[in-house]
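Presented sequentially are two complexes of chain A, the first with chain B as partner and the second with chain C.
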Partner chain A sequence: MSSRKLELAKKRNPGLAELFDRTSAYIRAQIIHNRQNFIIPKLAAAALDMNDGEAFILLDLLAQEDLLRRVYNVYCRKNGILLATVDALEALDTIPHCDFCDKDHDPSDLKVEIAFVLKDDELLTMAA
Partner chain B sequence: MTPKKATGRATQKKPKASLSIEGHQRVMELLNAAEKSKYPEIRTESIKLAKQISKHERSQTSRLSPTLVAVLATLIIVVAVGACWYATLKYPAHVARIIISIVFAAVIIIIALYALLSGNLSESNFVRLLSSAMARVKSMLPEKASAHPDRLMAQSSDPGTDDENAD
Partner chain C sequence: MSLAYSEIEGKVLRMKWAEQQERTSLNETNDGVVSIPVFKRVVLIADFGEKIAELRLNPPENRHAYTDNSGRPTGEAYYNAYIQKAKDMIGSPIVPLDLRHVIKSLVEEQEPRVARIHIDNHTDQQNYRSKTTGPNADVRDSPDWSLIYQASGNKWSWDGQSFYWLPKASSGFLTREVFTHIDADEGFVKVNADCSDEEVGYVISQIRAR
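Moving on to the complex of A and B:
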């Protein structure tokens, strides 16, 4: 069984059909087998042998089809701990207090990472 | 937008501003990398996304609300129509035409300025509009009149109109 939304994305971008298949397989593997909540464009790029930008655009195209959702992860640079996950860039300006370091970090002490989370289970229900 | 979802042991505190800029830079870096792709669809999508982000940024940093812009623009158009009507009634046809073209250009410039301040128009498009409006005014003005606008008013053949001009 194939995802209707994925097929729609492939139909809209026929030149990327093969890349979409590889990307969706990677997403399934990450979420089902590796139990990852976040799909990171950088890691996807390395796994799929493409550049970071290509992976980001492919994931974003899947987000446009409502299969994924783009989020921004905020990490404490010192401890590498995930402090918050926000949906919008503007929301990054509300920096959370870090209870691990017990202080309000300067933005320079924090790291932003772009990630994608699963929005629709269609990708997971596809036969592997 | 969905409210912030905190993970780990984090609690929300006072706002600071520049992590959003870092996030914006991260996205732009990825888009720049995507523009080097060998796939034309990815390149096209990255350009489209960059334009969307730029438009969104402009609307976020806008100084005027869209409602205020709409109200002001409507007022200006009403005033401009009134001015044109007055010009056609009170001045000879050739002077009225020049006044109307100046009013028209002024309306375009002011509305473009409002659009710029509300984030609906980019700076490059504003400059383009400004130069085309100025070119239109220059083309409408006679050479001598553009050099000496007072002389144009003196050229009016209607003596009654001349009196009004002197006022």
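Moving on to the complex of A and C:
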């Protein structure tokens, strides 16, 4: 069984079809085998042998095709602890207390990383 | 920021700014605040022929004029102010160099090595970040590090690496080991303040070559 949305994305972007296949295979491997909830562009770039910008564009295109959803992982800049995952940067004002530093960080003490999560299970159910 | 000079030579624009910041600390003997003025220099070199620009900055002190939204002076605000200034002067969008790729190719290099890797900082595909610090050698010579690198290093994301460029592989450019930290996450390269222009030029040429 193939993903209808992925096939549509490939039809709309025929030049990217092979890259979409590689990226979706990577996403499945990360979620099923590596048990990762987030698809992070820099890790996708390393695994797919491309640069961060290329990986981000591919993931963002899959988000535009309704297969992924863009989120923001918010870390304590000093200790690299994941504090929250938010849907919009406006939510940076509501970041929870950092237990590791035992303080409420100012926005400049936070590091924001763009990540992607599955919109639904469509990419997971398709044949590899 | 005050402009010290600006010159165009051929297709190369060179601009320099200077400013005074303050380094403040607590005097532990009388609880007073000690404030020392520190001069900062910032140089922009834009080669319109090669389509490459460099922005060289001293690191910020804890008191300066660049603040975040809450009014606090931050390093990020200082760097961003000069990056924006550089963009304004160049008059075109700027695309940062892919520093992860630079680190990857430096790590992959076999003998003769151009640099000794002092600190390795990477993230694996399970999103675990690992940092390895070598005593006075090269982390690639650590059997444990090497074993893990052979198994899965081709899928690591390189976050930050500290190098010492080696004189023996520099064709006579270097007379001493030159420290460089490449921070691919934040997108900058750091060298020590006592580096000569020639040493900085060597480091930048090595980074661009990869």
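Criterion: the second predicted complex is superposed on the first by the 127 of 128 C-alpha atoms of A that agree within 3 Å, B and C clash if a C-alpha of one lies under 4 Å from a C-alpha of the other, contacts with A are read in each partner's own complex, and residues count from 1 in each chain.
One rule holds in what follows: contacts are C-beta pairs under 8 Å (C-beta built on N, C-alpha and C of every residue); 3 or more make two chains touch, one makes a residue touch a chain.
If you're wondering where the values come from, they're calculated on a predicted model, not measured in any experiment.
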First (chain B), second (chain C), both or neither: which does A:107 touch?
both
Should A:61 be classified as contacting the first partner (chain B), the second (chain C), both, or neither?
first
Determine, under the contact definition given at the top, whether A:7 touches first (chain B), second (chain C), both, or neither.
neither
With both complexes superposed on chain A, which partner does A:15 reach: first (chain B), second (chain C), both or neither?
first
Applying the document's definition of touch, where does A:43 land relative to chain B and chain C: first, second, both, or neither?
second
Chosen between chain B and chain C, the partner touching more chain A residues is B
Per the contact definition in the header, classify A:93: touching chain B only (first), chain C only (second), both, or neither.
first
Using the superposition on chain A described above, determine whether A:34 touches chain B (first), chain C (second), both, or neither.
second
In the superposed arrangement, which partner chain does A:83 touch: chain B (first), chain C (second), both, or neither?
first
So in the superposed three-chain picture, is A:51 touching just chain B, just chain C, both, or none of them (first/second/both/neither)?
both
Considering only the contact definition stated at the top, list the common interface residues of chain A for chain B and chain C.
51-53, 106-107
Residue numbers on chain B that touch chain A, as the complex places them
1-20, 22-24, 26-27, 29-37, 39-42, 45-46, 49, 60
For the complex, which residues does chain A have touching chain C?
30, 34-36, 38, 40, 42-43, 45-47, 51-53, 80, 106-108
Which residues of chain A touch chain B in their complex?
13, 15-16, 19, 41, 50-54, 56-58, 60-61, 72, 74, 81-100, 104, 106-107, 110, 112-114
Which residues of chain C touch chain A once you look at their complex with the stated criterion?
68-70, 72, 74, 76-77, 98, 100-101, 123, 125-127, 129, 155-158
